[in-house]
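Down below are the structures I want you to see.
Shared chain: subunit A. Partners: subunit B in the first complex, subunit C in the second.
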Partner chain A sequence: MMIAMGRYLIKRIFISILTLLVIVLIMFILMNAMPGSPFTGKHLKADQLLVLNQKYGLDRPLLERYFRYLSCMIRGDFGVSYNIQKNMSITRMLQVRLPLTIRIGLQAMVLGTILGLLLGILSALKHGTFLDPLVSALSMLGSSIPSFVFALGLMYFIAYKAGFLPLLYTMDAPGESTILPSIALAMFPMASIARLTRSEMISVLSSDYILLARSKGVPESGIIFRHALRNALVPVLTIMAPMLVELITGSMVVENIFAVPGLGTLFVTAVQSNDYNVSITIMFLYSAFYISAMLIVDILYGYVDPRIRLAKGRS
Partner chain B sequence: MLWDRFRKNKTAMAGLFTILLITLLSLAGPLLSPYAYDEVDVSQQHLPPRIPVIEKLGIFDGIKDGVDHYAGMKEVYHFFGTDTLGRDLWVRVLLGTRISLYVAILAVLIDLSIGILYGVTAGYFGGAADLVMQRILEVIQGIPSIVAATLFMMALKPGLAAITLCLVLAGWVSISLLVRSQVLKLKEMEYVLAAKTLGQSDLSIIFREILPNAAGSIIVMAMMSIPQAVFLESTLSFMGLGIPDPYASLGSLIHSGFQSMLLYPYMAALPVFVFVLLVLSFNLIADGLRDALDDEEAAR
Partner chain C sequence: MKDKNALEIHDLEISFETSRGTAQIIRRVSLEAERGKTLAIVGESGSGKSVTVKSIMALLPDQARIEGGEIWLQGRPGEEEPINLTSLSKEQVMKTVNGRRISMVFQDPLSVLNPTMKVGKQIMEGMLLHGDLNRKEAKERAIHLLDDVGIRDSRLCMDQYPHQLSGGMRQRAAIAIALSGGADILILDEPTTALDVTVQKKILDLLQRLQKEHSLTAILITHDLGVVAKMADTVSVMYAGQIVESGTSRDIFFHPAHPYTWGLLSSIPDSGTKHLLSIPGNPPDLSRPIKGDAFAPRNAYALKEDFASEPPLIPLSGTHSVKSRLYQDGKRPDLPKELKEKIERIQKEASHGR
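After this line comes the complex of A and B, so read on.
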């Protein structure tokens, strides 16, 4: 069984790397297909262009350039920005922005997961009372309303009308400035986790082994947290993919609304000002993050649920 | 049948009626309004909403912060107010709804055609083709949809065709996977075996036996894809990669409303309201359909 698991793992890692290579290839080809060249000076003569192209290796065949590009990316050299901060190294631009985006994303995930689990457990335990449909309606709303709408609402009512918390990101209060964006981003994970936990808990709580645990006199809290929740959590892993996609997508817009100087804001600016190097770097980072997160989820999934481990190992 | 079960679900039916109402309004509404979606009128900038009859109740009466912004304009009614260029927002929201719906539904229809073609080829004929196609799907699945969409939006000329193409790129994989797994399952059914034994051709087995039986879950999936497409389109519009002015989608309206939201909250609130109503209704329908399908399968 261990061998099967190992083979499956190797296959998954191989596919992940392949995916990343394909993404970089597509980005590279598209960037080459886009109009214009880095050398646009009017007075450049044909022989000067030749020299410039030679100097930067642009006269080499496409495939060779691709591999050079790729090896630079892997070493963390993403080139320089064209328009946003002219000739600034992108790695340096990212140094301040990336931690901020990661912080907001993590806060949102933690908040969303905790609230979602609590709501899900609560409504499963109160199945049949008024609380249950209330939570269901809440989670339906939470997954139907995009995070930027929550962001606009929070901004208008909490920051502007009530005057709590900063309206826009300020350097003076970096911690407080991340609260509203995190809440706006936490709504989708909260809603989807609450929904799934509820339905899983209801089916787990009526299963035979819970009945057995009850009849053996295990205290109610032990039943909920040790036995029921543990099994109800497994399917939550399956919705990690849509949740991460929503988080990435949401962070671009939410960061923009609150003027957070993070990755998302930089990305939108880069896209709007045609700064190809910056936009491609960020797309690469998003994809790399998503692919590695999916890989971890897959491994975890095989680890928690032996049935999947076996089935996948065999195929 | 599926419809009979679906009909009994009150919230899902409410969703269906809301969608029908919004669609009807977005198609017919602009004809009933004296304004055009691109009619700029600098004398009527930033007007708050004013609706006849309802204005007597003290809401939607054109009065904001105690000031009647319609003073001297007795017969002027802008149901949702006007934007920073003095364009009528009611007409623009209806136009935006129409474009958002059109783009999302068109994208899902294309997703469906590609998905069925891909899923049937991979699932029914199987073999080496299936193996290769599965590997391709696995690679494509690893690309976050927003990244794929932005990448192509940057390379293409912005407009309806480009945005539809991006939504298709983001959505076709999940439908293909679903069709394939359904075909794989149904292929082993006894009635398919019987049809084969009777000498039916592959095409007739696919269209007469397999696809009609897979239709339920494919429809549910398509229904769930529509709000996702509306979501993605609005995000792209919000990033400035959507429908160019003077056209509008709900996303671009929300974006331009957001820019003057603190002073004129109605400019963002009204398109947001329509947007949420639309997505919520689609989700309610999809949920209702899924429940109806589950019941149907349990009853079999």
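After this line comes the complex of A and C, so read on.
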């Protein structure tokens, strides 16, 4: 079984790399098709532009540029920025921004998952009391209100009115500055996980094997944590991957609102100013996050549900 | 409670809160399960058999309420006093009774095992909860139990998940789980209904052997009279939340008294049956109050009084009693002719078989 799992992993990683190559190609084609160029100063004359294009290799055919870029990427060189921070290497540009975005995203994911599971389990156990409709209403709001509305609400009430946390990102308090953006981003995962966990727990708790466990005399805590939760988690894991997409797109908006100097903010600027290398690199990173997260969810899935693990081993 | 009994139920009443109001599901049920013997509870689906046994183990859903009656559990020989289970809280029943004194084998082995837990762990769980074994001893005992219920590669089975076993194997594993906590009363809720016919007999044989070896008291719920004939010492026939007839296996099969029992027996096919009889109509809706005898509308032998008030329980012998006015004032009506012939035929076949 371990061998089958290893072979499966190798196959998945190979497909992931191919996917990433295609994504970079699509980015090349799209950026090329966009009107304008990275060099748009009014004072630039035609011959100066020619020199600039030659200098950065932008006069070469698209495919040649693509393969040249790929060969640099393998060596860890993502090129330089054309106009945001002129001639600065992108690897250096991302040194501060990448950890910041990852930190906010992870905090949001962890917060959303823990709160979502707690609320879901609680409302399933208190099924039929006032708590249950309360959690249902909360998760409805959480999944239907977009993250930027939460962001603005948090800014107004917590940062501005109560003065608890920084309104905008500040270098003086980098840790505290990530809290509000994380909370804003956590709302959606929290709401979806709470809703699904609740309905799954309710259906699992009324299943025959829970009755069997009760007939064995398993105490209520054992019923919930040893028997019910694991079975209820299987479907919850399936929605984790699509939720990551929401986190990524949500982070672009939320980072901009809180003026967080992260990937999201940079990506928006880069696309607007035709800074090809920066946009391609960030898109590449986003895709790599997403693909590896999917892979992790997939492996976890097999770990939680033995039926899936074995079916995979056979194929 | 009587010394020879392992469990007694007195005048149990259970109601269910439904969207259409309160339904009286169990209406004054009394049962006695003799130690080391098998009591069968027979009846159509919806007659309340399952609810009755679930109430013993506090496994009823939240909308159910025990309105009255007592459930007495005999203390272990020479150790404890009998306990009235209805006076205990749900938690106390879980802690002191379930698995430890009483355990249950369910109908559908495909859905009754936890799909994400290894079989071995599910068996060991009960031992670790109720015994003072350490993990290693529990594991050895679990392997021994799996051997005992006839699973060939018991060590392998310990590390398997339920979906890797066949239906019959899963029911064997479920029986091992039921035995794991050391219970002396086994409740069998339609233990063979969901199994292939070829597997059914093997499981019944296994249950009989285990019952003898571990001197277990069994309470068997079924609508399959063939299973009852094979397994039961005493039988209680249930209809619409009441016991309408109870007696020894011989009483019920050879001298059935209640028209409902007649109907049940007439509806089993045998070699000489030309046309099968069935009981006309449907069981009553228990969410509405029942006036008189619940079976009267379906009963060709019903008397006028049966529609007005409930018939009394009439003892026919020391072991046999029936809830029917046909037996009032010492009257003993004849069996329907076809049923009488059928019983004679079965008796003859049975005596040839021996």
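Convention: the second predicted complex is superposed on the first by the 260 of 315 C-alpha atoms of A that agree within 3 Å, B and C clash if a C-alpha of one lies under 4 Å from a C-alpha of the other, contacts with A are read in each partner's own complex, and residues count from 1 in each chain.
Keep this in mind: a residue touches a chain if its C-beta (ideal position, glycine included) is under 8 Å from a C-beta of that chain, and two chains touch if they have at least 3 such contacts.
The shown structure was predicted, so the numbers you read here are calculated from the model rather than taken from an experiment.
Once the two complexes are overlaid through subunit A, subunit B and subunit C fit side by side, free of any clash as defined at the top of the document. Of the two partner chains, subunit C is the only one that A:N231 touches; subunit B does not reach it.
Of the two partner chains placed around the shared chain by superposition, neither subunit B nor subunit C is touched by A:N87.
For subunit A, the partner touching the most residues, choosing from subunit B and subunit C, is B. Shared-chain residue A:D208: touches subunit C; no touch with subunit B.
Once the two complexes are overlaid on the shared chain, A:G217 sits against subunit C while remaining clear of subunit B.
By the document's definition of touching, of the two partners only subunit B reaches A:I248; subunit C does not.
For the pair subunit B and subunit C, the model built by superposing on chain A gives 17 Å as the shortest CA-CA distance. Of all residues in subunit C, those touching subunit A in their complex are 57-59, 61-62, 91, 94-95, 97-100, 103-104, 106, 108, 111-117, 125-126, 129-130, 161, 163-164, 174, 177-178, 180-181.
Residues of subunit A that touch subunit B in their complex: 15-16, 18-20, 22-23, 26-27, 30, 33-34, 140-141, 143-146, 148-149, 152, 155-156, 160, 244-245, 248-249, 252-253, 256-257, 267-268, 271-272, 274, 276, 279, 283, 286-287, 290-291, 294. Residues of subunit B touching subunit A in their complex: 135, 138-139, 141-147, 150-155, 227, 231-232, 234-235, 238-241, 254, 258, 261-262, 265, 268, 272, 275-276, 279-280, 283-284, 287.
Residues of subunit A that touch subunit C in their complex: 128, 206-209, 211-220, 222, 226-227, 230-231, 234, 304-307, 310.
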